[in-house]
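Dropping the structures in below, format is structure tokens.
What follows is a pair of complexes built around subunit A, which joins subunit B in one and subunit C in the other.
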Partner chain A sequence: MKPMTKENAIDIDNSLHINNEMTKPDVTSMKIPADQVKIKAEDVRVRYGDKEALFGINLDIPKSKVTSFIGPSGCGKSTFLRCINRMNDTIDNCSVSGQIHMDGVDILSKQVDTVLLRAKIGMVFQKPNPFPKSIYDNVAYGPRLHGLATSKSEMDEVVETSLEKVGLLKEVKDRLLEPGTGLSGGQQQRLCIARAIAVDPEILLMDEPCSALDPIATAKIEELIDELRGSYTIVIVTHSMQQAARVSQQTAFFHLGNLVEYGETEQIFTSPEDERTKGYITGRFG
Partner chain B sequence: MTELKESMKKARARLKKRHAAETRFKAFGIGALAFAFLCVVMLFTSIISNGYTGFRQTYVQIDVFMDEGIIDPKGDRDEKALRSADYAKIVRQSLYDKFPEVTARRDKRTLANLVSSSAVYDLRDMVLANQAVIGQNLSVWVMASDEVDMLVKDVFKRDEPENTRPITNMEIAWVEKLEAENRVETRFNTNFFVAGDSREPEQAGIRGALIGSALTMLVTLALSFPLGVMAAIYLEEFAPKNKFTHIVEVNINNLAAVPSIVFGLLGLAIFLNLFGMPRSAPIAGGFVLALMTLPTIIIASRAALKSIPPSIMEAAIGVGASKMQAVFHHQLPLALPGILTGTIIGMAQALGETAPLLMIGMVAFIADVPGTPFDPATVLPVQVYLWADSPERAFVEKTSAAIMVLLGFLITMNALAVLLRKKLERRW
Partner chain C sequence: MQTTIFTFTVLLLALIGYYMGRSRAVSTVGGDIRKLHSLPRHYGYFVAIWCGVPALVLCVLWTLFEPQIVNSLVLSGVSSLDPDASSAVVSRVLSDIKFLALNGTGRGADDPSMIAAAAHYSHLKSVGTASLAVAVIAFSIIGLVIGRRRIGAELKARNQVEDIIRLVLLASSIVAILTTIGIVASLLFEAIRFFGKVPFTDFLFGLEWSPQIALRKDQVASQGSFGAVPIFAGTLLISFIAMCVAVPVGLLSAIYMSEYATPKVRAFGKPMLEILAGIPTVVYGFFAALVVAPHIRNIGDSWGIDVSSESALAAGLVMGVMIIPFVSSLSDDVIRAVPQSLRDGSYALGGTKSETVLNVILPAALPGIVGGVMLAISRAIGETMIVVMAAGLTANLTANPLQAVTTATVQMVTLLVGDQEFDSPKTLAAFALGLVLFCVTLCLNVVALRVVAKYREKYD
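This part shows the complex of A and B:
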């Protein structure tokens, strides 16, 4: 089978008639000062067995900001997100090449210990997935693994501040020992965020964190993302363009395994330079 | 319009057919259930009606004179002499005294067999426990012989013609005389639960088989549970998915279908001949049954592990757990109810297994109750097999009684599986 390239990817969308070479500078055109860059991806390629999923992604993600990845299903945005904390390592036939620098270290290299890496890069998943244990144990699990608290009182503090940060403490204060699976969907997702930040990560990856939630719970999560922005670098994958517009400062548009356009959120949504981006955000395809 | 009506008609006719098919299917289902239920009822009725008398035993009261001349002719109360004295003579004498009209040599021998040979040991134990009984007249209850037992339990019918029943009119007359004096009664058969196997039906008990089964199961569990669960975890979570692991998987599934007697032959060749394990011992039996149980446990454990949503693993790995930590902290505890259910079902299967144990000599007649897994022993299902093969009529009820005990154990184990699953599942 002929590998899918940028060229024939455009053929599929030939109704848009775009010259690929014209759009390419846009991808790299967004300038982020070097001292602001938290994650620098260089030519990241992913393949599942014979099928290529990402065709060389180059992307700088700034520190302490929210960056959102948008794009139609199967465009590779989640795949790229999962490269950042090496979650793809757990998939058998998945191979990743290229480099992702975080604070100057290539996290894709074999020398990097994934366990420590994942403590630095927390992840929140599409479906709330609290452990079938108590709320307390859910939050305490990460710190316990990494030995972040030496005493019971210290652990209590870690758990409380984490729950406080996600605004859950008030709601669950009296039932910390009840199972986390007994909470509502939105609360469960906030519990998962609390679990992720309990190990004090630098980066939070969110893979469509609101797709299983109702609008009110979604609003709460979005508010929370906004609050957390100052302390963490957040990368969020979303299907909702409104959400991307509301919560993120940068937006990257992925299409068929390519990064098509990356820029300030406002610019992407008001004056996209690539026809495909325009087509997607105006709802012409996707 | 007419066309539409036509198709409606057809649809209605089809609908009728469909309903009929559904009713028919339900009726078949109910029929199958009813048949299965009937079979179970028949099985249990047959076993219980045959076996409940096995839990009772007839005792006869005899008057014995503890003749010092027989027990301790030297009079020095030497324990060795007391142990080996001819107590049978005392029992015989007591019966001859009871029925002085019996004089013929042959009849006298028959008379002596009215009570079980265990009466001799009863008297010996009495003397060894308390030497003061020597020289006294005592009235003791001893076990009746199996034939008398059968007569009293109405298995041998008194109104049948003499030549078609295994007990003579003369013997019946003796028993009836004893019954008239209230010297015959049936009691709960404690002997059945405390004694090992015996050639005499009235003395045979299942303790040896029970302990043998327990020891064998212990060995089986200790081997197959950790091995099976570890293998399942490795295959499910860690093993690379390549040709080799695929072959291993296929073979495990095939092993579950291998006839159990083949495992017995394997055990004979490997464990007994190659490793020199003791013959007829629970240790060898446990090894063989562990081989047989392993595929069941591995398959059940893998299914249980597979049923845990991958999001839990992802969550654990996402906060920085290693794969092993994620498995042992989250996946294994969640899969445990399923794993335990599979294990208990495998163990129940092993508990009821006979064929592979025949191959490694656990079918031998062993009267002693085993103390360790290295002693010769037999197990419950083999005991059932052995008794079912014995010619004496009294072994029929023993067989059924042993089956009842075995079934009791199996039901208890299955109930335990259900209970454990319920209890562990409630936690999340």
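This part shows the complex of A and C:
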């Protein structure tokens, strides 16, 4: 562990300051050593037109771990996730303020090139959305955009290793040129994950990746998330408490556009501090 | 006029029938409508249908057949008419009689049998109208009574009403289908008559088109030649030029409108594009003939190129402009039907807007776009007004867009305009051209609609 840096010290000041204002102890921040923090969100606010969706989120996401976002529908989990790779830019009436630091750079600033940013931050969506192209072309899409492979054989290798990583290679080896839309739902979702990791991102954002899948396909994806954890920082939104408990190390509980509680997954599920968290995970509301 | 009054009377009676049926149904069960098989209004409809439909059917049959019956009755009384007279003579005599009946004087006013026939005609007309009035009103009242009598708690009024509605809808579709079949059949029939006079292969493969028919036997060019190749070549040339304008401009503007434009620009731009579709084709026609064609010729002159004043280029360009909204609105529909999730997928991988459009949206929308373009082609091939005004009449076999060419539609117009003998090859040639045109556009439309439908299946 590195000695405390100046930046880190300021952080603690901030959280003390917040603590003073609130009557209850702050349960939304978690002590993560500064060199382990991959994403650091500060006072992220989002509004869709006149409607506020996020009211100032402060959240540190650790490197090479799985962080899950839980919370009732409409509480802003997807909205926050989409801030991290600037996907909210594609929504006309959406405005985002605050800062999200990734490796010390504020990715919400205007200067950031979203093309390069999104190459570093992959995203997997709720419904599998393979392009109406061949399996091969689906996986090769990102590397082609970013010129990651110079020759055909190099591209073949990228495609194969990506498919291998998601455990799909065995299943589709001899039909790489068939359309990706012809796969089963679970295979499609793994194809989408392969597509996302083919550009070798640092972070993988997953928005309810299993909600359209059956239990067996879900189990496969969860296994996959566990395997990918070492090499990627993963953020997953899920409605399944069990899934959050199974795959993640940190859990953040959102409620009505606020981050209510954030901590070690085990602690959140065994001894939540906030009444709302307790209510949600025991199924009393949400 | 009378028929209108009858129709209104019947409708009024039907309305009365509706309320009578309703109240009777309610009263048969003592106001407890749960005991009824159907809702009270179904009983209302039931009586209204009984009251209205037979009477209206009678009205329609009457308007269809009354003139023929009256005519034949009247003609049988005209002694001066040769029983084997041609239809033209018969119709002339008939109109004379009608004129006499109406004005009391006119041609044939000195022929007693004609005068008698005119009187007979007026008589038949007035008797006919009176009896129709009686019959129609009797029908509706009888219908009303029968319908009302049949009402009881057990009557399955809802089912019967549904059945009748189904029959009415069926009848309408049958009318539409039969009309289509009739038109195609007459086209086919006349075309076959044409091929009886001009060999099929001469028509389809002949290179010369000059449909002059001699009035006298010794006239030059007494045969006329009906080789349709130059005409179809001209049609294709102009359609091709039109598509060269319409496809790129239409497609690119559709991409702009659906992917790039802000909602405000779109709200303004789309209607503007669609106004193009609302301009009558005749306006495009004189725009082509009076503005575009001279312009092209001037440009050609300044380059030292010889441009005909009625060039294929002018007609094709303007036709292309006319088709732009067609291509753009169909493409816009299919592009917008591409699911947002595909765009998100591409953006999330770091795709820019143009990369996303090119690599994901266009390939996904391509089948639909192709379908739209094919519909546009069939539209271009069938377009008449612009080419009549701007493309010329001479059937040149050329691929040079600066020369005058002619199209199938133009030829059909020129063949049929003016006084024509109805069974000369010249007139019948129009039907043959029409048949070929019909077959081509039919094939294009069928294929295009299939392509579009298949594409729809994929995303719905």
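Convention: the second predicted complex is superposed on the first by the 258 of 286 C-alpha atoms of A that agree within 3 Å, B and C clash if a C-alpha of one lies under 4 Å from a C-alpha of the other, contacts with A are read in each partner's own complex, and residues count from 1 in each chain.
One rule holds for everything that comes next: a contact is a pair of C-beta atoms (placed from the backbone, for glycine too) under 8 Å apart; a residue touches a chain by one contact, two chains touch by 3 or more.
Here the structure is a predicted model, which is why all the values come from computation and not from measurement.
Once subunit A is used to superpose the two complexes, subunit B occupies space that clashes with subunit C. When the shared chain is aligned, no partner comes close enough to touch A:L256: not subunit B, not subunit C.
Within the superposed three-chain model, A:V237 lies out of touch with both subunit B and subunit C [touch as defined at top].
By the document's definition of touching, neither partner reaches A:I61: not subunit B, not subunit C.
Residue contacts after overlaying the shared chain place A:P179 against subunit B, while subunit C stays out of touching range.
Residue contacts after overlaying the shared chain place A:Y141 against subunit B and subunit C alike.
Superposing the two complexes on chain A places one of the subunit B stretches 63-71, 81-89, 99-107 or 207-215 into subunit C: stretch 207-215.
Shared contact residues on subunit A (touching subunit B in one structure, subunit C in the other): 85, 87, 90, 92, 115-119, 122-123, 125, 127, 129-133, 141-142, 145-146, 181, 192, 195-196, 199. Subunit C meets subunit A in the complex at residues 262-263, 339, 341-352, 355, 359-360, 363-364, 458. Residue ranges on subunit B touching subunit A, taken from their complex, read 240-241, 309, 311-323, 325, 329-330, 334, 427-428.
Of all the residues in subunit A, the ones that touch subunit C in their complex are 85, 87, 90, 92, 114-119, 122-123, 125, 127, 129-133, 141-142, 145-146, 181, 192, 195-196, 199. Remark: subunit A residues 85, 87, 90, 92, 115-119, 122-123, 125, 127, 129-133, 141-142, 145-146, 179, 181, 192, 195-196, 198-199 touch subunit B in the complex.
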